[in-house]
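Got a structure for you, questions after.
Letters A, B, C and D mark the chains as written, and numbering starts fresh at 1 in each.
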């Protein structure tokens, strides 16, 4: 099987957009995480690093798989009890964190701390996505963790490069 | 949200059964892995340990999520290009291994080696499931890794108990 | 080889004590993490869960290995350049987070977020340990992550039990 | 703190050499793993990929930390009971697999299966290192897992590139 990764990346970014998330939204989270360490950091540098993270195949596959599950929970294609677990963003489910961790870990373990932090304090767009997910019929269970993971991976990438 | 874990376990076992996998199939893999170390090991002891692994919440959630994705790839509910990636069990996809690892890791890192081994040599039922998955329209991308992961987790459980 | 795990646990707790950390210090972090979710939570319940986490073999091994490395960095038994990397708690080292993650993960991925959070904001004793580690000749590189990991694992254990 | 990563890589390779392992030994394991998939694969391509894996910071840190622990167990600088656990390569210790996994995972989860397999069947140099480690006073507890992890990471790198 041949996978066209340029198309796959475009598709992953399209899915993020459909769910209301731009790469700049993610770059803003990275910026918040790293500005205290590098006072000459710019949003542009964060955005460039977010784009580089999205070039990793495992990241594309995680984004596409996670958002697909969220959408199928909304559409009703996923049967009970999993559907309700996903729609409720049930706190002990944990598979969303498992997928997110696979993104973070590609840039080594140092991103783990950032991921946990942004996920807990619901930094920037993560908080908005999380709140939207509480509306009836909306499922952002995987999306908020994926955004936090990409932002944290980009932060690790910046830390390694400087 | 209250999740009835007794029902959830029953549902996970039912899904495995629908996909052609009994707990004894999994116990047989555990037995093959561990008989060289414990010559008084029985299938019954392996089966009991497989059942205990299935009592862990993260294991139930992983089984249900993975098999649900396999089924949705078959039914056509998952859109392209992810559908073809899943139906072809594309070797660089990797999310199946990510989910499997979350099962293995609950019993510590020692299960990792067993998981890699059974996945590579396609021990017992894993080989059968893998071959079935190559038929047109059948998707066992997550199922074979999940079986290997449960069998390896049960092997770790036995190693810790003896 | 036979390992006496009762002795091993006692040894792990003794090492934590030598480095200035009591199980109650760890329980206090767990309490801070979970009191917002369970308003009838007590320090005693947190302490009991911390003790249960320390009964897991992989946890004991991680505590003992991590603190041993910290001590050997201080004593000079570890040669350069690793010694300076450890004494400086170099931010890109990452092996401390790797070990910590092995503790957290035994209770599933839900602890990941708590670990990242306490590590970032340096909650309670973690902040004190981190500051002490900045003194010349003192190495707490593994210790602070280990404490955060045990506290987060205990928080996961409470979440699963309630 | 500034770390000279060119020096650090040289030091990691020197430590491997002191413990009897050349990069070609590792490349040979990668070759055995991948030749069945790519019949025009050469040892040179494997060696080049092994070298690239060793350019990753987390890999260098893992190699240096693991081999340092092995050497300190031999020298007597590590106190009991950890010393005996390391010298005996105690099967439930697990921290060696945890460190190895941090190497494998940088190239995504697909390397996990290869790592488990080579670790189980003790492919090539891994078997030799493992046997040497059984001699009195010799500790290769971390070394054999590290070699398997680098070889598996290089195999993942080849799979991603082709």
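In this section, a residue touches a chain if its C-beta (ideal position, glycine included) is under 8 Å from a C-beta of that chain, and two chains touch if they have at least 3 such contacts.
Since the structure is predicted, the reported quantities are computational estimates derived from the model, not experimental observations.
Peer 1: Among the chains, which one keeps its Cα centre farthest from the Cα centre of chain A?
Peer 2: D
Peer 1: Considering A-B alongside B-C, which chain pair is linked by more C-beta pairs in contact?
Peer 2: Most C-beta pairs in contact, of the two: A-B.
Peer 1: How many angstrom lie between the CA centroids of chain A and chain B, rounded to a whole number?
Peer 2: Between these chains, centre-to-centre, one finds 26 Å.
Peer 1: Suppose each chain is reduced to the average of its Cα coordinates; what separation in Å results between chain B and chain C?
Peer 2: 31
Peer 1: Could you say which residues in chain A touch two or more other chains, in rising order?
Peer 2: 57-58, 92, 94-95, 98, 102, 108-109, 160
Peer 1: Please output the residues of chain A touching chain C within their complex, sorted ascending.
Peer 2: It is residues 91-92, 94-95, 97-98, 101, 108-110, 112-117, 119-121, 159-160 of chain A that touch chain C.
Peer 1: Give the list of chain C residues in touch with chain D in this complex.
Peer 2: 1, 3, 7-8, 11, 57-58, 61-62, 64-65, 68-69, 72, 75, 77-79, 81-82, 84-85, 88, 90, 92-95, 98-99, 102
Peer 1: Could you please specify the touching residues of chain D with respect to chain A in the complex?
Peer 2: Going by the criterion above, the answer is residues 56-58, 102, 105-106, 108-109, 160.
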